[in-house]
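By written order: A, B, C and D. Residues from 1 in each chain.
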Amino acid sequence: MRFKTALVLSLVAVFALCSLAAAETYKFKPTRDQLWYLFGCGRPVLKVNPGDRLILWTEDANNGNTKTLQDIQTVSGLPGKVNPQTGPIYVNGAEPGDTLVLKIEDIQPAENQGWSWFEPRSGFLFSNNFHPTFGTTAPQTVWLYPVNKEKGTVTFQARNMPGFTAEIPMRPFVGTIATAPPNGECVHTSTPWWSGGNMDCVDTAIGNTIYLPVSVPGAMWSTGDVHLVQGDGEVCGTAVECRGWVTIQVLSVIKGKKIRTPRFENDEYLMSAGSARPLDSAYKIAYEDMINWLVDDYGFDWQDALTLASQVSPVRVGNVVDTNFTVVVKFPKKYLPTK
Amino acid sequence: MRFKTALVLSLVAVFALCSLAAAETYKFKPTRDQLWYLFGCGRPVLKVNPGDRLILWTEDANNGNTKTLQDIQTVSGLPGKVNPQTGPIYVNGAEPGDTLVLKIEDIQPAENQGWSWFEPRSGFLFSNNFHPTFGTTAPQTVWLYPVNKEKGTVTFQARNMPGFTAEIPMRPFVGTIATAPPNGECVHTSTPWWSGGNMDCVDTAIGNTIYLPVSVPGAMWSTGDVHLVQGDGEVCGTAVECRGWVTIQVLSVIKGKKIRTPRFENDEYLMSAGSARPLDSAYKIAYEDMINWLVDDYGFDWQDALTLASQVSPVRVGNVVDTNFTVVVKFPKKYLPTK
Amino acid sequence: MRFKTALVLSLVAVFALCSLAAAETYKFKPTRDQLWYLFGCGRPVLKVNPGDRLILWTEDANNGNTKTLQDIQTVSGLPGKVNPQTGPIYVNGAEPGDTLVLKIEDIQPAENQGWSWFEPRSGFLFSNNFHPTFGTTAPQTVWLYPVNKEKGTVTFQARNMPGFTAEIPMRPFVGTIATAPPNGECVHTSTPWWSGGNMDCVDTAIGNTIYLPVSVPGAMWSTGDVHLVQGDGEVCGTAVECRGWVTIQVLSVIKGKKIRTPRFENDEYLMSAGSARPLDSAYKIAYEDMINWLVDDYGFDWQDALTLASQVSPVRVGNVVDTNFTVVVKFPKKYLPTK
Amino acid sequence: MRFKTALVLSLVAVFALCSLAAAETYKFKPTRDQLWYLFGCGRPVLKVNPGDRLILWTEDANNGNTKTLQDIQTVSGLPGKVNPQTGPIYVNGAEPGDTLVLKIEDIQPAENQGWSWFEPRSGFLFSNNFHPTFGTTAPQTVWLYPVNKEKGTVTFQARNMPGFTAEIPMRPFVGTIATAPPNGECVHTSTPWWSGGNMDCVDTAIGNTIYLPVSVPGAMWSTGDVHLVQGDGEVCGTAVECRGWVTIQVLSVIKGKKIRTPRFENDEYLMSAGSARPLDSAYKIAYEDMINWLVDDYGFDWQDALTLASQVSPVRVGNVVDTNFTVVVKFPKKYLPTK
């Protein structure tokens, strides 16, 4: 029942042969049956080597079923089938206790429009499953955002304000990126957790390097849930959701390097991501990890690191609507010691 | 005992006469006895008119007692005497139910160095009064930051990493700004609350307009606790603290305009601030207020406002270390309807 | 404006003279003008000596205005005027740093009916000021509970279930009991805090001894907000509210004994109360205080105390609806070391 | 790798045949290889019919490795291998959307001593994985509690208070009881969740009926982690842990009855359990479920139910130390409408 991916295995076999040679580029679009709704528990749709580049088609959070203003959840949604993943992808040589290093090279919308909605029992400012209130809950409203690829924008179209639109620059990112969790757990793709997942943070974006803990052989990572743009927190419960083409290079596997929670990096920042509830807990997890990173890898004294970070580190809130909330602490690399 | 400000009253009388005429500029440096450690309950040190400009000297959070690396809290601190305020300032014509509008025009350090420290039973990542743990708590360590006014920087000087320094651009702001709270309450100046207070958010900065609810005759506002620079959250418990000179213009009193929580504005953003524990609660308060603001003053439909804000609004965390935590939601004004 | 109690001062003078002799019993019913809505900032309505016994009339949480099913908040409520206190009461000899010891000897309903209600923007399971949601909030519904003093019961009368009633044994307690807070703060009587206040916990009940920190000369304590019965958490926002007659003996002032948060005691339990948001924080404050109590006063090793308490201590939730939430940890005295 | 239970299948086949007839009693002690560390993902160790009675041996939370005061976690613990389950058990006829009804008939310690400990990065009042602090964390200390089966007590033996002991009446319960979660998730046995799990609440005890949602064919339930006694919250991180013999009757499968979160019942109370972080969230989940239960099954109006529960319902805190916290709301059955 879990092993829907049999059809792709012969394909995988071909890939596997190829990957014995130099770095390869794979273009992969999963069939509907290959979409995977768990972190962990799946069979690999691809096996790749460090150095390989992947051009991955990703389904949107609602399985491509939100195409019109009438496509509210009770019509099109499949219970539990949200945030379909492209993956899992097996990385040759990755073993528990290693760190997987991915670089997000490009994210392009694969449709001409994105969408957002309110969902029953979801949303930070609505009665939801974790903080229920008596009273009416979210109205089921859909918004559609035409994509202008040349200008690099999406256009918000008001539902209840005749004629009002707002053109918003796209800043695409993958809402979901994760390795399989440890201990045999298989976690729903709506959850962000120690191994990453549905972090919905704007920093899993083009140009950023992503470090994820490896907990099972092959790392078994996946990605999906492209957001074309999002404010901090994804407060209403959705970003501008869209199918996408995501280009990721498997930079490397750092052998024997163990990290506790996802880390990101670009030219400007080191970033640690913490996912938990409530927000305070996610904040503490991310911040502690950043201090440990500065101490372990950059020679900082912990007291100096904590004080300096407190003065110079911005903090971004990924989401406040998923099973866990996500916080990202960003330390400016210009304040790192010169080696 | 609370009425320490008698000495200034004759001065106030002179000011009051002056203010009958055109807008005035007052320069005011409180004596040590005039420093005030509550929001509410005090007697005014100044009475001013809308339009008047104030150049206020502000004491630092530890009453100017942290001058050397040895000035840890148990030596120099006065229990309960933290975050001294310059004020309260009475604004003629302000009545409960109005909104006070202040513009922060300038903030300059009044010393040649700032400081930060770890404090026992304080700090987000230490055992503290609200989340105690058994085990060692924060070491009492002080950091001093020389100020370079020409370059506009402060310099972090590591305590335990010989020779390591980091030059940080100043972005000064007032940690504390508030009107007196309603219902006769007098709240300690370590607390941010519905009427503002120790929000420690980087957006109470130069160029920003501050809206505060008026709950008592004259508004009775005060400010202090200048921070020369701070990351999001003030995680270690302190920013780069310094005495300052703060120039604020009392822009106006909006009669009959009632707001629930502080709001800020500049050319780029509308901003709502929420202060509560835990961070989730502060976040919700700020976000709800922003949606209400967009609906009430800009003609937004609430659903459209909530969805659009979710896609375009950054959120900053003020502090995660004070009696309440503070979150600021920022809506970009470029997405406001044209009227 | 704050000093409404001038009329009672001559009365106080008489009391003061009396109290020079042996322990006295005072019966006191405040006038409407004497009701006090702050912890701190008032003038004493009584001055008493340790050993004196007080029979105090207490107003109900809504100032006696809820008498019929039609008395919803917008009709009868006075903004900010909730939880009126009988007090403050000055205890001769109490100084900051002492502990005030009160014994609750009796609580009797002073009316023939109690009431509860839903209030807009209040209640744990409704959109409220600290956790707002979009959607309908609480309906404004009132329930009245006839009191049967002989049987010691109140009777719930359903509003929407014809003929359904439930007879509930009374377990009366004072929702509110506090000393004035330190640092000159004056805190609204809806708040529970380090010095006690609106804890709404079922253990401030008949037969229990209450320990409160003294932060100002005379302790300036007050009480009120009698609840005839309440479940854990006061979840809907109100208990069975009633005016009451409360008999309290001022047992003693423990000189130089400093406590951080209220403590209670009876034959069976030592109890520590913590008040904060969220519930986790209140829980930690209460539990840490209990361990410290066991260590400081009963010779426990902290590790042994923490482990043993974890196995034998029940915990009660006072309220989850006030400005702060309250948790009470109860250590069974039968497990104390014999001295 | 997940399918360790092959050896028991022939045994299961025999059981399955037997169960076609009248209710059977099975006595089952898993081998070490059969112990299961996930909710979900396993193969059944038993297949039973509604009506059958099971006498199950359960391993303790640390796999039986804590036998002396020296058996601290780093010596004996297997990473991730905590809270081993006896199960999963397949119930014939149970389908997703049903409710499984179990009755706990007996719990007996299977050893002559129980134990508790402090664990690194665990415990509500220590720096832990979700709320890390800088500073020393929990000391690794073990306590052993001799069991006196005749008296029905365990004896606390202090580590640092020479000669101090405390004899505590046993109130055994299963810390862990759950069905497999929906959506293919496999959740670590340290977690309490919508389908039950490591709730560590004192009400999964002898005489109580347990209702669990069925999310996969056969329900695939398991139990374990016997606690001989525990205070509210399991604050130090452990109860008095012990191997046990647990007698559970599979009372029935309620076809088409869907519940969201575990419910318990005995002669005195209806009980709803909520598991989430922080405690506020668990509290809301449990309380909303109780109101829904009263409305759906007992004809209550929701407003009347919420108000009445607020006056009469005790609330117990299960744990504040696991991956999620657990709260149990208890509605006294004497206040139910007579039908």
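Here is the rule we go by: a residue touches a chain if its C-beta (ideal position, glycine included) is under 8 Å from a C-beta of that chain, and two chains touch if they have at least 3 such contacts.
This is a predicted model, so every value here is computed, not measured.
Of all chains, the one whose Cα centroid sits at the greatest distance from that of chain C is A. Taking A-D and A-B together, the pair of chains sharing more C-beta contacts is A-B.
The two sequence copies chain B and chain C touch through a face in which the numbers common to both exceed half of the numbers used overall.
The geometric centre of chain A is 36 Å away from that of chain B, both derived from CA atoms. Centre-to-centre spacing of chain A and chain D amounts to 33 Å, using the average Cα coordinate of each chain.
Touching two or more other chains at once are residues 125, 131-132, 134, 278, 280, 284, 288, 291, 306 of chain A.
Residues 116, 118, 124-125, 139, 141, 143, 156, 158-161, 164, 166, 168, 229-240, 278-280, 283-284, 287-288, 291, 299-301, 303-304, 306-315, 317, 320, 325, 335, 337 of chain B are the ones that touch chain A when the two sit in their complex. Considering their complex, residues 125-127, 131-138, 278 of chain D touch chain B. Contact residues on chain D toward chain A in their complex (touch as defined above): 2, 37-38, 40-41, 80, 129-132, 134, 182-188, 276-278, 280-281, 284-285, 288, 291, 302, 306.
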